[in-house]
Amino acid sequence: MSKTADPVRILGIVGSPRKGNTDLLVREALKSAEAVGNVETELMPIAGLKIHPCVACFRCFDEKTGTRACPSFEDDMEKVYPKLARSDGIIIASPVYFGGITGQLKTLLDRTEPFVRYARTGYGGGLSNKVGGAIAVGYNRNGGQETSIQMIHSYFLVHDMIVVGSGPAETPGCYYGGGAVTHPKRSKVLDAVAGDELGIRSAKGLGEKVARVALMIKKSNREK
Amino acid sequence: MSKTADPVRILGIVGSPRKGNTDLLVREALKSAEAVGNVETELMPIAGLKIHPCVACFRCFDEKTGTRACPSFEDDMEKVYPKLARSDGIIIASPVYFGGITGQLKTLLDRTEPFVRYARTGYGGGLSNKVGGAIAVGYNRNGGQETSIQMIHSYFLVHDMIVVGSGPAETPGCYYGGGAVTHPKRSKVLDAVAGDELGIRSAKGLGEKVARVALMIKKSNREK
Amino acid sequence: MSKTADPVRILGIVGSPRKGNTDLLVREALKSAEAVGNVETELMPIAGLKIHPCVACFRCFDEKTGTRACPSFEDDMEKVYPKLARSDGIIIASPVYFGGITGQLKTLLDRTEPFVRYARTGYGGGLSNKVGGAIAVGYNRNGGQETSIQMIHSYFLVHDMIVVGSGPAETPGCYYGGGAVTHPKRSKVLDAVAGDELGIRSAKGLGEKVARVALMIKKSNREK
Amino acid sequence: MSKTADPVRILGIVGSPRKGNTDLLVREALKSAEAVGNVETELMPIAGLKIHPCVACFRCFDEKTGTRACPSFEDDMEKVYPKLARSDGIIIASPVYFGGITGQLKTLLDRTEPFVRYARTGYGGGLSNKVGGAIAVGYNRNGGQETSIQMIHSYFLVHDMIVVGSGPAETPGCYYGGGAVTHPKRSKVLDAVAGDELGIRSAKGLGEKVARVALMIKKSNREK
């Protein structure tokens, strides 16, 4: 095996319209992923991206779309698609809005239709076997973090991805992924989560876990 | 008890960007609700509505917003808020996108922040005790209908609503709500679900159930 | 309407093999339910009950079982069935075992098969329109409380029950039901949850909510 | 790398009290796993096993238990523990009972407490990085298959396992795992699921996926 193995690439998607708590958690997760070694990370905040919602035209199922993934809309998803395609692991994080992920994040995820298994775009099936992990941060303690993480896991499984939780720490706070709380600070405080040691620990655990499993998958594929 | 009791009002939200299968299911649910008697229904497709995503400014928590619910954006939500406020029951329906509801629908739901319990708008706590039911339609048979319904139930519970399923039919197909399938027709076929008897049955059961429980809740409150 | 209206009855099922934290939370929920007025409560710990697991014989679907609900096993479920049947609201609580409710509790719930809608026992459909609420207590902060509550909600909906969360408190800690944490005390400490103010608050909120909605449903039915 | 590499071992747990539909689906999944090559499988029906429910004594957290995993009960779990320990992939299957897995299966899973990360038994942390997949079979079409699979996934993640769905087939029927239906045959028909092509396809897809990912993980670990 080569000593100069390709690094694994972990993409961290920050599904918040603000630059605050979710961003902070994903940064911690990515730092923790890098510390594993041979890992490159990229932070992708969705705030500011212009993304048209999917209109279920299904043209990406039927048309060879050539250089563009989505035949219907030419927008910031053109920058997102290659990032997803080249990643080995994907961390998706969201503030909890009504027990789930943000509309903005769901809108972005919906536009990954060109990656579905029966898409005729060059991206069809392209997320298969990538490693996925989820992070959610809420105002209330048990305020929908778990149900938000579940929603992201559902997304991963529809793309035939591999799902991991927050790793083997003794008391991770949240097993399913990164689970954090802004309370007692108000949600509008952009770094409220900085005081949530447990939440940060679970996000770090998740980042490391995604990296470790992505390394295993990549190594195995290289050896074929 | 008065013979000319106020009817209960059931709002049916069609969370699809298209006018097709989801629309058809909500229409069936609403017809079934009306058949209970003393029920008025309103169909609200979200297709075509212009709704800015919530940016988590939290101004609706802090400011008395007077005649407008959302201090930040003036858009089609202004039409949605009063519909929600005057309803006794709310049916939320979505096509399944990646195991969950559409980004467009989640975006609309996120903008109901002025109804949260601690909002200082006139709408604060305004969905409390309304009766909620969910419908989901997917391409695959067990393709995320249940997880989409769960997501809608989470939304209801965050608003302190009352959640019901598809009623007491012997074999409802789906207990948790309306659960329908477009397969073997392709999802792009706008009336693919017309052939899904079981799915339509569960949507009808849901409509009736929402109506019956909303009538109970309303009657009880009238008697106080 | 009579001044001496029948009280509503709330049954609190403690799904723990021990007499400890879950018990404490259900007691708080029931006290809070009683404080609403015109509410009678009963605590039912499952510890010590001898209950044979359901073996899916389906005899309760096919046979008129007369005075006994389950044709196959005569055990402590004979005491449980009438408690369930006469309740107007049911609170089900569990410690979190591996992200879900205890095997003991699931075993009891499985044996409510004689209440399913197509059972030919006298209990068939008998939980329809009863009001259900869930409580879960875990060691980790986001340690499966929400997923355990979801599991209980699924149970309620299969029985055509009406599901409520933890009520309208400003910061309930958990919206979906009672959500409590034993950490930093160890789970083996039987009153570890006594220090979890937030968890107790959510359990109290749940008890009150179940009572209030059960009163509405009962009152409405009495007026028919 | 050795040409005669160790095979991966996939354990298929049949969580039904009967020998019927669930058994049939797990057999299909395991056959499909074997067809991948270099895979050994073992079917483990839980019917007939004598397993005492976990009583949350937490002795396995505190005591070095030597040759026995559970210090409190000596029963058929003694046969289950080594099977779990030596597996590389674990498929857990259940009939849907009230939207979830059977009490019998949950009881068995609860007794894997000696594998939790902080257990001082020889098995502590022992399921970490094993690959998990879930199968559920219900009577109704959308009758709790997805919520049952979720429950099993929660279990996997608490054990720091790696979760996969039903693989990359174009129309798997169920993405999250094997999802099958006995209807229109009655659930008591032991081979009702034999006619459910879609359900069998998803179970097969799951078996193959668990095998492929388990092979990747094992190969990678061997290369260290």
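All chains are identified by letter, namely A, B, C and D, in their written order; residue positions are counted from 1 within each chain.
Here is the rule we go by: a residue touches a chain if its C-beta (ideal position, glycine included) is under 8 Å from a C-beta of that chain, and two chains touch if they have at least 3 such contacts.
Quick caveat: nothing in here was measured; it's all calculated off a predicted structure.
Participant: With chain centres set to the mean of the C-alpha atoms, which chain is at the far end from chain A?
Facilitator: C
Participant: Nearest 5 degrees, what's the C-alpha rotation angle taking chain A to chain D?
Facilitator: C-alpha superposition angle, chain A on chain D: 180 degrees.
Participant: Please work out the Cα centroid separation of chain A and chain B, and write it as a whole number of Å.
Facilitator: 28
Participant: Which whole number of Å gives the spacing of the CA centres of chain B and chain D?
Facilitator: 36
Participant: Among all residues of chain D, which ones touch two or more of the remaining chains?
Facilitator: 99, 144, 147, 150, 154, 157-158, 171, 175-176, in rising order.
Participant: Given the complex with chain A, which residues does chain B contribute to the contact?
Facilitator: Touching chain A from chain B are residues 16-18, 53-58, 95, 97-110, 112, 144, 147, 150-151, 154-155, 157-159, 186-188.
Participant: Per the contact definition, I'd like the list of chain B residues that touch chain D in the complex.
Facilitator: Touching chain D: residues 99, 139-147, 150, 171-176, 179, 181, 183, 198, 202 of chain B.
Participant: Which part of chain B faces chain C closely enough to touch in the complex?
Facilitator: 1, 117-118, 125, 128-129, 150, 153-154, 157-158, 160, 162-165, 167-171, 175-176, 209, 213, 215-217, 219-221, 223
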